[in-house]
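My questions all concern the structure below.
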Amino acid sequence: MVPNPPISLAQGDDLIIGGRRFHSRLFTGTGKYPSMEVMQQSIKRSACEMVTVAVRRVQAVAAGHAGLMEAIDWTRIWMLPNTAGCTNAEEAVRVARLGRELAKLAGQEDNTFVKLEVIPDGRHLLPDPIGTLQAAEQLVNEGFTVLPYINADPLLAKHLEDAGCATVMPLGSPIGSGQGLNNAANIALIIENASVPVVVDAGIGVPSEAAQALEMGADAVLVNSAIALARNPAAMAEAMGQAVIAGRTAFCAGRLPRREEASASSPTTGLVSS
Amino acid sequence: MVPNPPISLAQGDDLIIGGRRFHSRLFTGTGKYPSMEVMQQSIKRSACEMVTVAVRRVQAVAAGHAGLMEAIDWTRIWMLPNTAGCTNAEEAVRVARLGRELAKLAGQEDNTFVKLEVIPDGRHLLPDPIGTLQAAEQLVNEGFTVLPYINADPLLAKHLEDAGCATVMPLGSPIGSGQGLNNAANIALIIENASVPVVVDAGIGVPSEAAQALEMGADAVLVNSAIALARNPAAMAEAMGQAVIAGRTAFCAGRLPRREEASASSPTTGLVSS
Amino acid sequence: MVPNPPISLAQGDDLIIGGRRFHSRLFTGTGKYPSMEVMQQSIKRSACEMVTVAVRRVQAVAAGHAGLMEAIDWTRIWMLPNTAGCTNAEEAVRVARLGRELAKLAGQEDNTFVKLEVIPDGRHLLPDPIGTLQAAEQLVNEGFTVLPYINADPLLAKHLEDAGCATVMPLGSPIGSGQGLNNAANIALIIENASVPVVVDAGIGVPSEAAQALEMGADAVLVNSAIALARNPAAMAEAMGQAVIAGRTAFCAGRLPRREEASASSPTTGLVSS
Amino acid sequence: MVPNPPISLAQGDDLIIGGRRFHSRLFTGTGKYPSMEVMQQSIKRSACEMVTVAVRRVQAVAAGHAGLMEAIDWTRIWMLPNTAGCTNAEEAVRVARLGRELAKLAGQEDNTFVKLEVIPDGRHLLPDPIGTLQAAEQLVNEGFTVLPYINADPLLAKHLEDAGCATVMPLGSPIGSGQGLNNAANIALIIENASVPVVVDAGIGVPSEAAQALEMGADAVLVNSAIALARNPAAMAEAMGQAVIAGRTAFCAGRLPRREEASASSPTTGLVSS
């Protein structure tokens, strides 16, 4: 979605998804952190307001997930339950419903958000366009606010938007790879065509890549591995938060045109001999 | 220069050039702004502490340069006189001396800094390695703190360092082109080998590219056109300042390794059936 | 598909699609040529053996399509009817059937090939994953040899393969854009996973990009605009043919590993003083 | 050098260096081959006419260099002695003189060619711009036909041309790294400005990268590691030869313009309903 940039950021440049307003355009996750404490610090220093949670991992009290629900202050952080580990639409719908219960347990009675992941392949972790669309249609019908994770396919994004999804979440590169925006050209087309917010998810490895997504006009980014697996996760979280603000500010400020040739900062015309 | 990153940024992560300490790792310029007022706002919002000034343009009171000296608060901003417009070593040495006088006029008695530009070619504005080295040797002998603008050539950088330059300033892409870090691989080699600070100069078009330079280990960046020619220069200046902080923080935080393959944020091992 | 490369190319390294054997791994088209004569020369010099034809354009005797059927020697060139201009599955199925008739008219009684294009959007000309899969299933049922044109989505490619398609044809970048392989990372994943031939279609602008696709392990490429719109189409056709052979040969020859660092061609160990 | 492309390649599109005419625009090397036999086959299948030889390695009868002089048919292959292993101008000049003797021993009485390498750094193997220029001036004075190996610096290239060098040989990426044309933007500027042939040397890993250099307007490429270290060197040599021809043909044929947007191969205007 290429919004009409606000005259002034001071007038408010919030992101609205499913009727809910967010100041921060950075979403983070809960996986892969060395400890709960590091996760807590990282979430805090990122200044994010939405954190995704793998419903199945929490249900299973999988490694690194014990105490997760208690570790986050759900009065400040909006929960984005995700369907990680689901290989088909049916499973994803079932896990999304469990996610709704999880959000209620966290005190978010009105939270209908779900990050929809339908990932048949355990190696490359790429989403299934057909299963994702099918699950999205079902979940929208059930009243969910659906944020589907997709390959950067502009036509698939359009189908999901038409099906009533609240955003589209194209991937930059495979989950956890830190390869950055391999699909930048397609993401640009998605942004150009979408009338829902576009959230770049997966593949971002460093703050510059997060900033790049925002500069292109993406509405937000979701970053997990790049923070959790940094040498200093909390510092990296802060850097990601800064970069997202920088990228959004730059998008609204309007970049200089790229030029084929150089152009002097200090033109030489009008020079007198020194 | 790949520094041993400080344990904590709070302990101080200042940039030291020629014995002088800078908090900000963003340098800006004075060319191409739509007005003096916009330049003033931009410098302020960028939070930079060093601004480069084209000595010949000021001497000539060229278009956009009337009142420049008075427009900047030289008690807060360190002047970096530059030799833009000089096509050979001799001219550059002469203009560097004038720059020293200019700094004195601004009340900076001890300012010996000069951004050395020897640019024979008015079209691509690329620096001459031979003339630059020659002028650098002369200026170091005369007691200048020399910051030479160079093509991203690791061996030339070494020669300049050996000649006593205070930094090296490799270009990302041609001046004013906004093409970003076309020479990233060479810049990385310069950073790896240098024992003086490396300042990426020219070609940066958006904050993400500034952040990228810092993430790679560059010590600072100089940005002029990307700010001055943005639709909203002052907002872009702020974004550049944020991105430089984000990039430096990320460099110190240590990025996750790039991976050939995906890696689940929420591993599927240990899942129970939902 | 990453084949076990043949011990020797001399033993035959033909491409087999739908049971039919092709020596050349370059497919070309019939659109956008300045004249029929130039098209004829270009097809000849490319040494291609399969040419795609826009069925609707031929039916409509659209500009540049009068005499097209007679201009090509269908005893040597295999016709690949395409469904360009179809915006949904239903239309595409209908046009595919017309294509079969067209091939019969050209004397290719047993030609069941169809290049399936379902493109709702007239601007970016990107394929619809849902409509394409739906049409592919129908056409496979009707006995067609289906070569679907798709966005570079590895999971969609898998669905189409499972549906019985004879190849998958991921796009490098938008049709006619000449931007090259923007989606290279995804194309690599498709190649890794596919057990049908992978044909890179659309976006190739120069021979090096065609060679790159083959080097990555793609089985063939389809090139139209880059030939037809070159200043000298016939010469460019020849260059494309050469590049495809070079790329395939290189793939089978096995490239040297990429290295982070330099490695001397002429090691300096063992040197005596000169 | 951007030549006025010949009307027809059939009229002759030879490369002329130092007054000598070459049909092939691929130069190869003699280092790193698994055996003399493989080297011989590779040179033959590459169809190259100029092969570079490390003078110091031959003098020292270093590993892999015994019998080298006898292994190549110097009545067909032009020797390009190189100064690999020289760390300063003085050494390089001395070794160049030895190279001249070596060429005489091979029966090439009039061979004054030298590939000038001045490489102080044994790790990244990057050339020294200052030492290279100094040695080049000396060698030109002594009547050598000098082909200097340089970092892709347009201004340095100009200095070397002015000094009387017969070509400039900018590197794509570090020797043996197979990273391709990291410096493409700078190489393009060198080509645009040069009036001597531009030979891209070092870093080429696959045929597509060789083709890319020629498509950009480079006059030739030198490839060693990518052939010698391929799994099947002789097949890779053939592929390189093909790709160089393809790239040159494409350069002369004139590529289609890159477009921001798609452009239908089969325009939909004028369609009748099917």
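Chains here go by letter, A, B, C and D, matching the order in which they are written, and residues are numbered from 1 within each.
What we mean here is this: a contact is a pair of C-beta atoms (placed from the backbone, for glycine too) under 8 Å apart; a residue touches a chain by one contact, two chains touch by 3 or more.
By chain, with names taken from UniProt: A, B, C, D = Thiazole synthase.
Just so it is clear, the structure is predicted and the values come from calculations on it, not from any experiment.
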If I average the CA coordinates per chain, which chain comes out farthest from chain A?
D
For chain B paired with chain D, centre-to-centre distance based on mean C-alpha positions, whole Å:
35
Indicate the whole-number Å distance between the mean C-alpha point of chain A and the mean C-alpha point of chain B.
32
Here the gap between chain B and chain C, centre to centre from mean Cα coordinates and rounded to Å, is 46
Please output the residue numbers of chain C that touch at least 2 other chains, ranges allowed.
124, 126, 179
All chain pairs satisfying the touch rule are A-B, A-C, B-D, C-D
Tell me, which parts of chain C touch chain A in their complex?
120-121, 124, 126-130, 133, 151, 153-156, 159, 173, 179, 182-186, 189
Can you check the complex and tell me which residues of chain A touch chain B?
9, 29, 31-32, 54-57, 59-60, 62-63, 82, 84-85, 91, 94-95, 98, 122-126, 174-179, 205-209, 211-212, 215, 224-226, 228-233, 235-236, 238-240, 242-243, 245-247, 249-250, 252-272, 274
